[in-house]
Amino acid sequence: MSLENVLNNWSKYRRGAEEGGHHDYEHKWAMMINLDLCIGCNACSTACYAENNLAVVGKDRFEKGQAMHWLRIERYWDQAEQEFPEQGASFLPMMCQQCNSATCEPVCPVAATYHTPDGLNAQVYNRCIGSRYCSNNCPFRVRYFNFYSYYESSWPEPLNMQLNPDLTVRDKGVMEKCTFCVQRIRVAKDKAKMENRKVGDEDFKPACVQSCPTSAMVFGDYLDEGSQVRKLWDKYQVKMGPAKQDKQEPDMRGYRVFEGLNTDPSVLYLERVREKV
Amino acid sequence: MAVKSFKKMKLNMTAYINIALVLLIGGLLVPAWLLAGDVKPPSGDHNGKEVPQPIEFPHNIHVKDNGINCMYCHTYARRSKVAGIPPTSKCMGCHKTIATDKPRIQKLTEYWEKKESPQWKKVHDVPDFVHFTHEKHLKKFVFDRDFPVENVKEVCAFCHGELENMTVAKKVKPLTMGWCRRCHEANGGPGDCWKCHK
Amino acid sequence: MTGTINRRSFIKMMGWGGVGTALGGCDVPTTVTLEEGKEDVVSYLMPEEYVIPGVGVWYASTCTQCAAACGTQGRVREGRVLKMEGNPNSSVNSGKLCVMGQAGLQGHYNPDRIKEPMIRKNGSLSLVGWDQALATINDKLNAADGARVAWFTGTISGHQKVLLNALLESNGSSKHYVHEVVGNKVLQAVSRDMLGDAMPKYRFDKAKMILSFGADFLGSWMSSPVHFAGEYAKFRTNKPRGLLVAIEPKMTLTGGNADLWIPARPGTEAAIALAIANELINAHNKDAAILPESVRNLIGQHSAESVAKQTAVAADRIKRLAQLLNERSPSLVLAGAPVEGQTNGYAATAAIMLLNHLLGNIGQTIESPGAFAFAQLEATTGGTADLIAFTQNAKDKNLDVAFFYGTNPVYSAPDALKFGDALKNIGMKVAISQFMDETTAQADVILPAASYLEDWGTHVAAYHSEQPAISMQQPLMEKLYETTRGFGDVLLALLQNKNKDKYGQYADYYAYLRHAFSAMPASYKENPASEEHSWNAVLQKGVIKVQTTDESLSTSIAEIDTPTIPASDSAYPLTLVPSVRLGLWDGRHANLPWLQEAPDQIAKVVWDSWAEIHPSTAKKLGIEQGSIIKVSSKHGEVTLKAVLLKGLHPDVVAIPMGQGHTEYGRFAKGLGVNPLKILAPEQEQKTGELAMYATNVKITDTGKKDTVVKIGSTDTQMGRKLVGTVPVEQVRRTEGA
Amino acid sequence: MSIVNEKDINEQIAWAKINADVLRSMANPRRAYWISVAMCLAMIACAVTAEVYQYTEGMGYANLNNPHMWDMYIATFVFWIGMSHSGTLLSAILHIIHADWRKPIYRFAEAMTTFSLMTAGFFPIIHLGRMWNMYWVLPYVSDRGHWPNFRSPLVWDAFAISTYLSASMLFLFVGMIPDLAICRDNAKGWQKKLYSVLSLGWTGTDRQWRNFRKTYMLMACFLIPLAVSVHSIVSSDFAMSIMPGWHVTTFPPYFVAGALYSGCAAIITLFVLLRYYFRFEEYMTKAIMEKTCKLTFAIAMVWTYLNLVEFASVWYGHDIYSKELLIAKAVGPYAWVFWSMIFCGSVLPFTLAFQSLRRNMPVMFVVSLFLNVGMFFERWMIVAPTLSMSHNPHQWDIMWGSIIEWAIVFGSFGWFGLLFLVFVKVFPSVSMYEVKEMVYHRRRHVVNDEAAEKFHRRASDSKTGTDEPGLEGA
């Protein structure tokens, strides 16, 4: 962003500040996760490891809390007081929520994390200087830092042949997080552009969505009225943008984690359903 | 006398401080303004060093003398992010018959018979966190503009220099980020970091 | 497009491969070379026209990470396979893939693969060429009496099975032992006797309620996790929404997703089932006439109240379940490992199965898969009975040559079986393996197998989904090590030695498959005119859909001998549950870092073994989270960390399988313990399967403590809404579920 | 005479003696000095070793993890920044309000400001994942044409601290010029050269004095808002976030108060040390100590009050996350830190309320140390618990500093000590000319004016070497 650019677009930045994140997107990638179908099987998480060159940190560093799982499945027992969890476990796939007014963006000293025109919360590895402020300011705690250089330890020959050349292998001192598989998005968009059409639902899926055995995850362009994900957001009467949700049917299942913090996440969760026997 | 004026100057410390501050601020902001206004297409050359290649491939002969299109050999350029080095089979396609007496061609034939391809050295290299794609650039500057494909070399030359006047390729443009950025700003290319850095 | 990438062009492509593997994000000046002439670029010699550098292409194949035979697609770029996904054409997994399938790549690129054949000469292994290795084997085979040659494999199907059978035949041997730790042989036996089909089709999508007695269909049941997860999704999204009740000793993934989870000590399930049957007959007047006299009496003895006393499952809860089953028809009642894994597992499973008869689910939610057109290709599923049989045979010195492929008995056999000693009686042990696992380490001849991403093959799922099919396996990239060979090629080589004139015509297994395909009826070919075209079409789709003839199940209920509840032993008060992790499975995936780092779905522990204990039991024994404890049975003991978990019956201690390898490469070796080792060698009376849930153990605290490496520091949400839960009534109102 | 009306300074001190005493303090270091220098160097060595290891192996060895992305380093950074404030307080604020009792002690306080800033500056750099790129936070002109994110408090930090550092160094230097002239006139050899350059040809003419006064006052006025802003900005590193326990409106004043507090405590410590080592009893008198203590006590009470304000606002607020965090602070794993912070910060200062204790140097020395320990705990309690127990309970985690972190923190004290030790031997740690002023003014009140007048004329006399010894340059 050259200085001129800043000055010319100042009003836009101001508006962004007022509305929380700028909202004039060309696409707005969004997700919907049906927690009633999520069985917590870890397929998405492992798919993420495979697609995004995530480092395997090993037992000791995992113990220190330095694991790099961009997508982790959180498991909770709902009935804490009971002797047996009779209604089973609650599973929550938690990854970067790609907030529209992300709290991580304003605090990065070098603007290594910022909002892309297609509504993604970007992390530019080669710009990152590792101040880790973004992670501190993330209420979901989904930003992971390369505390070590994992290249040798995590991909001993020939494991490194599996590394995905479409995205960078991060080295020590860099923050990273879920990107909604931006490399797939970019390829799909480029392909669509070469064919002079708009990118659609079927063009691509993030690794997690593609692997989910129960199809609990749905991904797409929120701005595309026809997209599956948009239909679902509308069905569950959750809107992106406004601080206050006004559901005609307040009992509808859709909700976003920490809605109250008004970070305007792009991931819609559907409450898990249980039948009392 | 000199000493005296020297002393005089020393006395006035506020002046010193003011000068210092002015220089400090000026030194930062003035060039900033100069640069901020600059959306001219990138200029500036880079004097790359001669890279020895297994076979001293004469671009000049192929491009200038024989007028072969760049994309005839670098055939992936319009289909992929990488332009690609022509496969040995393609070279042999012509050189089975053409100029077989030339030492270079004989060397090539040796490779071909050994069923190996030469270990070329990369000349135009960018860091691994930069994801440049030829495909899109060709689309914008050649196909969308209905630019005559036979003259595509003029477009290639923008980043790769005039290879028609070189034998083996030589890096003659800086290919730095600033260089790319200025071109993007001049031609309305994307300014989104995540276009090139992923 | 064909999946064959010839060696030359692959090697050349590696030049491009360098792009991805370089150190990226780091821009310490020393690691980023922008200088010209530093990196190599190697052009292709003769590129296939479909290979474009920088563009990934998806090829269809089949996953062999477990016996489910899911169809997969692999993303190949510059000759390297980079990512596995499900193949939408396969009705087994319909485009989805589980943890194990995702991690298959790491088995293929694993740094600990065996690269060259080895022969044991006076105790130590030495590298040899294939010719020598095969020669050694053939000499032995030619010398040996065919009846004393045995093959010991995992679940096997498709043309590999055909070749193997041919080989056995040519040896005049019938000794083919199929061993899987995770299997449902007892259930298969019961289904065969009571339904007339070992593997009937379970229609989750039709069922309004599922009552699962330890059937972890989301994890290990029928070893087809992805398929049943998909079925589960249909079951839940049905209107009205399906109701899932799980009765099991340790909360499995299925139990974790149940509407009601009821802990039950292993061995008590049958009693509960009979009590429910009792209720159904007496309270909900189900027709008992279909049952033989003895069975009716048996049911009569199990009133809800009496069973409640024996099993500590409240009587009104049993009544409620009966009522629900009566209301929600059709339903499904499933039996799983904890039921089968009893000395009277057959009876217990039968007692549960007859609920389906009572409820009239047969033909409704349990259907016949129909007869598969190519019987010779159908899967031979494995169990533990063969392990015991094989051990016995070896002990009796009945075996001169034994081949091991796709299974690791030395690891999975309980110490009490003395499998290791038995092996010593075998003249020559041949292991066809990718890794130096425990069994391979014992072998005299080691043949390095190609990974499933480098190999040809065909597979048929043991459990037939809606559309039974032959799933094609094709190489997604050139062999990493030229000196490895596919299983099919090895079989062919051995066959050619025996039967030159018949099998000599095939250059390799690929040629054999081509021939086999061309021999298939024209209806299976997209374009009968062009062999090549049809073949490519098949490879592109990845599956050959196979017609089946409709058949219906024959229901017959024979005698059921009383499923007695195992008496508890005061010296060994707890029952050991060797639980299956969807990931490490039976231990075969312990060398895949991704799966080691993927937390256990319920306990959320990584990289380790642990013993799950209910807090109340732990309190009694003075054990805390992370205490190092000794779990000892009459047949051995293991020392590991304690993890306090509510999802467990108080009389049970659960130790996940998969760890405790003494070999098997850098990622698996010396990590955790192997619960299978301390199992009692009890057998299921009818089927001879190992009774895996019938081992009593006791716990002693060593007084030491260690931190449990897991994700998630709290089990509760602290009243902050991360996961919301709503009653089904509300959803019925809003969404009409 | 009774203790009560003991004077700030004895107005009878001859100016020659002042020069002599101060210059003596700079001359021939004794063994104790060299030992302390050696110790400081050793401590620095520890830190350097630790840092080299961390730089090559990765930040992970500082026990950082998700959620603990910041830790000891930032706490220490805030601590040192805080330390730097009271120097400005004494030298600038008290200067413009003409509290002349500051005169004998402001010089080393001012030095302390500069040095603690120079120490603090290290920590944001050390804690960067890729410190070789740290200059990216500065708006330098780059070919890439992009800039730091001006919305980020960390960038404000970079500006604020560098400005404050340069300004306070300049202020320290400018304030020393007349004294440097005195040193010049009494030094020989290379020292003479050094001081001649540094004293910028000071001869003490009326014009010089006028310019000097103007400059000094101007800079004082410039420095005061700067000092306040710097710590407000540091506080906004936390206050600008949405994390419970950080997102607090009262943080800026709270931080400034805390800063002044720890600074004053540090001044007391150094006061006692200098007074003892350099025999400065006549200049650093008990009366001045009393005033310093009273000042410290007042600030301590302000700090305590602001603490209570914060607790109350959280307690009665609607932010459940902050409230749970506050409770966790008081009863959770960090409780012992929390309560010792309250004790050292709010209870211990009451010792300053008793005159007998105030005048007891050893006691004050110990107390002041504990006050600073308390303030270090305060910084830890600001940084750590929030990260441990923020919004998502799944990621809760308790963590203490690693050996690497402690080594570096430890070494930072060595670095500070070294700078200070060098300072006291190279520069006058008591402002001679201001003490002379002070003495002069006090004398005007007691002795008759002519006598004072006589001195005064001589004082502003530019020519040196008169019958009255010790007036050189003054």
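So that you can tell them apart, the chains are marked A, B, C and D in the order they are listed, and the count of residues begins at 1 in each.
Rule of thumb we're sticking to: a residue touches a chain if its C-beta (ideal position, glycine included) is under 8 Å from a C-beta of that chain, and two chains touch if they have at least 3 such contacts.
What you see is a predicted model; the values in this text were computed from it and never measured.
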item	value
Distance-maximising chain from chain C - centres being C-alpha averages	D
Chain pair that, of all pairs, has the most C-beta pairs in contact	A-C
Chain A and chain B: spacing of chain centres that average the CA atoms, whole Å	35
Centroid spacing, where centroids are CA-atom means, of chain C and chain D in whole angstrom	67
Whole-Å gap between the CA centroids of chain B and chain D	53
Contacts with two or more other chains, residues of chain A listed in rising order	1-3, 67, 72, 74, 76, 92, 94, 114, 125-128, 146, 149, 166-169, 172-174, 258
Multi-chain contact sites of chain D, meaning residues that touch two or more partners	133, 145-146, 391-392, 394-395, 397
Multi-chain contact residues (two or more partners), chain B	32, 35-36, 38, 127-129, 133
Residues of chain A that touch chain C when the two form their complex	35-37, 39-43, 45-47, 49-51, 56-59, 62-63, 67, 69, 72-78, 80, 82-92, 94, 125-126, 128, 146, 149, 151, 154-174, 176, 207, 210-216, 249, 251-253, 255, 257-258, 269, 271-277
Partner chain C, residues of chain B touching it in the complex	48-49, 51-52, 76, 79-82, 84-89, 115-129, 133, 170-171, 175
List of chain A residues in touch with chain D within their complex	1-3, 6, 61, 64-67, 72, 74, 76, 92, 94, 103, 106-111, 114, 127-133, 135-137, 139-141, 143-149, 172-175, 258, 261, 263
Chain C residues within the chain A interface of the complex	17, 19-28, 31, 56, 77-78, 80-86, 93, 95-99, 102-103, 105-106, 109-111, 218-219, 225-226, 229-230, 232-233, 236-237, 241, 243, 245-246, 251, 253, 255-263, 320-321, 324, 480, 582-583, 593-599, 601-602, 604, 606-608, 616, 646-647, 666, 671, 707, 709, 711-712, 714-717, 720-728, 730-731, 733-735, 737
Residue numbers on chain C that touch chain D, as the complex places them	27-28, 711-714, 716-718, 720, 722
